[in-house]
Amino acid sequence: MHRDNETVRLEAFSDGVFAIAMTLLVLQIKVPRHEAVALKGLAQSIVALWPSYLAFSTSFITILVIWIHHHWIFKLINRDGHALFYWNGLLLFCVSFIPFPTALLSEYLIHPDARVASTLYSGTFLATSISLFALWRHASLHLLSPSASEQKIDEAVQLTNQYRYAPPLYFLVFILSFISESWSAGLCLLLALTFAFGGWPDKGNH
Amino acid sequence: MHRDNETVRLEAFSDGVFAIAMTLLVLQIKVPRHEAVALKGLAQSIVALWPSYLAFSTSFITILVIWIHHHWIFKLINRDGHALFYWNGLLLFCVSFIPFPTALLSEYLIHPDARVASTLYSGTFLATSISLFALWRHASLHLLSPSASEQKIDEAVQLTNQYRYAPPLYFLVFILSFISESWSAGLCLLLALTFAFGGWPDKGNH
Amino acid sequence: MHRDNETVRLEAFSDGVFAIAMTLLVLQIKVPRHEAVALKGLAQSIVALWPSYLAFSTSFITILVIWIHHHWIFKLINRDGHALFYWNGLLLFCVSFIPFPTALLSEYLIHPDARVASTLYSGTFLATSISLFALWRHASLHLLSPSASEQKIDEAVQLTNQYRYAPPLYFLVFILSFISESWSAGLCLLLALTFAFGGWPDKGNH
Amino acid sequence: MHRDNETVRLEAFSDGVFAIAMTLLVLQIKVPRHEAVALKGLAQSIVALWPSYLAFSTSFITILVIWIHHHWIFKLINRDGHALFYWNGLLLFCVSFIPFPTALLSEYLIHPDARVASTLYSGTFLATSISLFALWRHASLHLLSPSASEQKIDEAVQLTNQYRYAPPLYFLVFILSFISESWSAGLCLLLALTFAFGGWPDKGNH
C-alpha cells in the first residue's frame, strides 16, 4: 500500500507516454495519394507501403516490450526518489522520440540513402536500450526493498542477466546499419520479438 | 484487492491505447481545401465528406465495443501471466492499426478502387475480432478464478457464446467486401451496433 | 469502495478520451507557410491566425467544462449498468468529434462561407450538451444510491437545474449561427466561460 | 485514503494532458521531403533539422519538469475545491498550447523572422510558469492540510522559495528574445535543465 503512494502516479504517467507513443505510430502510415493510385491502382499502392508496415510493427512491438519491462521493474521496487525521476524521464524521452525515426525509415527504406534512416532508427533503439538498462541498474541498486523476499531477489537477478545483453545487441545492429540497411531493420524486429518471447522472469505462478 | 495488484496496470495501459486510437480517428476527417470550397461551396464540400463520417463512426463504435468487452473479460479474471500479455498485446496491435484502414476507406470509398479499401477495412476488423476471441479463450480457460462464483461462471458462458459468432460474422463481411464495398462497409457499422446493443451479459443488477 | 470497482475504469477511460481530445486541438493551429511569411512577415502571419486561437480556446474550455461536469456526475452515482455505457459512449463520441468542427472553424471563420463552419461548430456543441444532459438524466433517475445523503441529493437537484439550461442555450447559439457566424462563435466561448465559472454546486466545504 | 477520493481523478486527468502534450511534440519533427533529400542527401537533411531537435528537447524537458512539480504540489495538498479546478485548468491550457510555439520555432529558428518565433516560444513558457506559480500559491495558501506534518510544511516552504524565481527568470528570457533569438531559445533549455536538476525538495528519504 505504501509503495502505491510513492510510485503509482509515476507509473500512470509513464504508461500514458508509452501508450501514446505506440498509438501515434500509425499516423506515419500515409494514405496513398490519388495521383499514385491513378498510376498503379490502390492494391499495388498499399502493397508498396510495406516499409511502413515493417517500421510500424517493429516500433510497436519494441515499445510494448519496453513497457512490459518497465512494468516488471516497478513491481520489484517500492520507493521512488530524485534519481528515479531522471532515469525514467530519460527513458520516456527516448521512447517518445521513436515515432520520428520510424517515419523516416518508412519513407526512406527503399531509397539510395536508406542507410542513413536505418542508422538513426537502430541508433534510437540503442539509446533507448541503454536508458532502460540505466533505469534498471539504478532501481536494482538503490530501490529494492531491503526486506525483499527471496523470490523478488531471484527475479531481480534474472532481469539483470537479461538486460546485460540488450545494449550490446542493439550496438551490433547499429554497427550493421552502416553496412546493410535491410539486415539492420530486420534484426530490430527480430530482437523485439526475441525479447518479447524469450525474456520472461521464471516464476512458478506466472 | 489481490487481483488489482496483478492486472490493474495492464488494464490502465490498454485503456490508454483504446482511448487514443478512438480519439485519433477524428484526425482522418480532412478539412476541405480552399480550392474545392471555391468550386462548390463549403456546405457541399462538408456533405461530400460522408465517407469520412461513416468510417469515423464505424471505427469509433467498434473500438468502443471492443473496450467494453475488454472491460468484461478483465472483470472475470483475477490473475495475469505471460500469455495474457501476448494476447492482449496482439489485440492492442490490431486496435492501434485501425486508424489507417479507416483513413483509407474515408479517402477511397467513392473511387473505382473502393473494393481494395473495403477489403483492408473489414480484414482489419476480422483480425481484431479473432484476437479478441483468442484473448478471451485464453482468459476463460486459464485465468478464471478457481473459486469463481456461479454468477461469474454464468457470465463467462454467455460471453463464450457471444464471442463464437464475431469472427465468422466478420469473415462473411470480409468475403462480401470482394463483391460489394458499400454493403461491406455498411455491415461493419451494423455489426458494431449489434454487438453494442445486443450482447450484454444478462445480470440481475446490471 | 464498492463504487470504485464498478465505475472506476469507465471514468479512467473517459478521462483519457477527454484529455486526448483537448490536447489534439492544438494540432489544428497550423504553422504559417514560408510563402505567406515571405509576403507579410511572421508576426502578421501569426496574428492572422486569430480564428485558430479563438476556436482552440473555445473548444478547450468547453471540453474542460464537460469533463468537470462528468466528474461531478460520477461522484454522485455509485453503480454502473448497460445504459450508462451507452449514454457515456454517446457523449465521448460527440467530444472526440469536436476537433473536426474546430479545425473547420479555424480555417473558414474569415471566409464568405463562414456561416456553414459556424453552424457545424455550434451544432456539435448542441449535440454534446444534449448527450451530457441525457447522461445526467439517466444517472440521476437510475443510478443515485438509494441511501444517498441529503447533501448528495441537494447537489443532484442543483445539477439538474443547471443542465436544464445548457441544451436550449446551445440551441439558440445554433440558430444564431445561421444569421451571424461571429456572434455565434463568440457566444460559444462566452457560454463555456459562464458554465465554467457560474455553475458550481453550492457546497460548504467546496 | 480520504485525499485520494478528492484529487485522484484530477491528477489522473492532468497526467493525461501532460503525457499527450509531451508525446505530440514529436509530430512537429517533419520527415525531410524527397526533393530536399535529392538535393543534399538524407544525412545533411537530417542534420539540418537541428532546430526541431532543440525545440523538441526543450519543450519535452520543460513539460516533464512541470509535471514533476505538479506531482509535488498534489502530494502536499489533500483537498480540492472550485478554485483548484480553475488554476489547474489554466495550467493545462498553457501546457497543451506548447506544441504550437514549438512547431513554430522548429520551422523559423533559422529565418530572418526568427525573433518572432522565439518571442512567442519564451512568452508561452512565461505564461506557463506564472500559471504554475498561481496554482501553487492557491494550493499552499488554502489547501494544505491544517494538520500537516512539519516535514510537509518544510517542503512547502522550499517549493515556495523555488517558485519565486521561475516567473522572473522566464520574463528575462522573454525580454531577451527581442534582442537575440538564439540566446533566448538556448536559455529556455538551460532553465528547464536547471529546474530539473536543481530544484528538488530536500528530504532525507528521497
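Observations on the structure shown:
The letters A, B, C and D name the chains in turn, as written, and every chain counts its residues from 1.
Everything that follows uses one rule, which is that a residue touches a chain if its C-beta (ideal position, glycine included) is under 8 Å from a C-beta of that chain, and two chains touch if they have at least 3 such contacts.
Computed from a prediction, not measured in an experiment: that's the story for all the values here.
Common neighbours of subunit B and subunit D (chains touching each): A, C.
Counting every residue number used by either copy at the subunit C-subunit D contact, under half are found in both chains. In this entry, subunit A maps onto subunit D through a rotation of 90 degrees when their C-alpha atoms are superposed, rounded to the nearest 5. Seen from the C-alpha centroid of subunit C, the farthest chain centroid is that of A. The centroid of the Cα atoms in subunit B and the matching centroid in subunit C are 25 Å apart. Touching of two or more other chains is recorded for residues 12, 16, 20, 24, 27 of subunit B. Pairs of chains meeting the touch criterion are A-B, A-D, B-C, C-D.
Those residues of subunit A that touch subunit D in the shared complex are 9-10, 12-13, 16-17, 20-21, 24, 27, 79-82, 85-86, 89, 92-93, 96-100, 103-104, 107-108, 111, 113, 116-117, 120. On subunit D, the positions that touch subunit A within their shared complex are 11-12, 15-16, 18-20, 22-27, 29, 31, 37, 41-43, 46, 56-57, 60-61, 64, 67-68, 71, 196-197, 200, 205-206.
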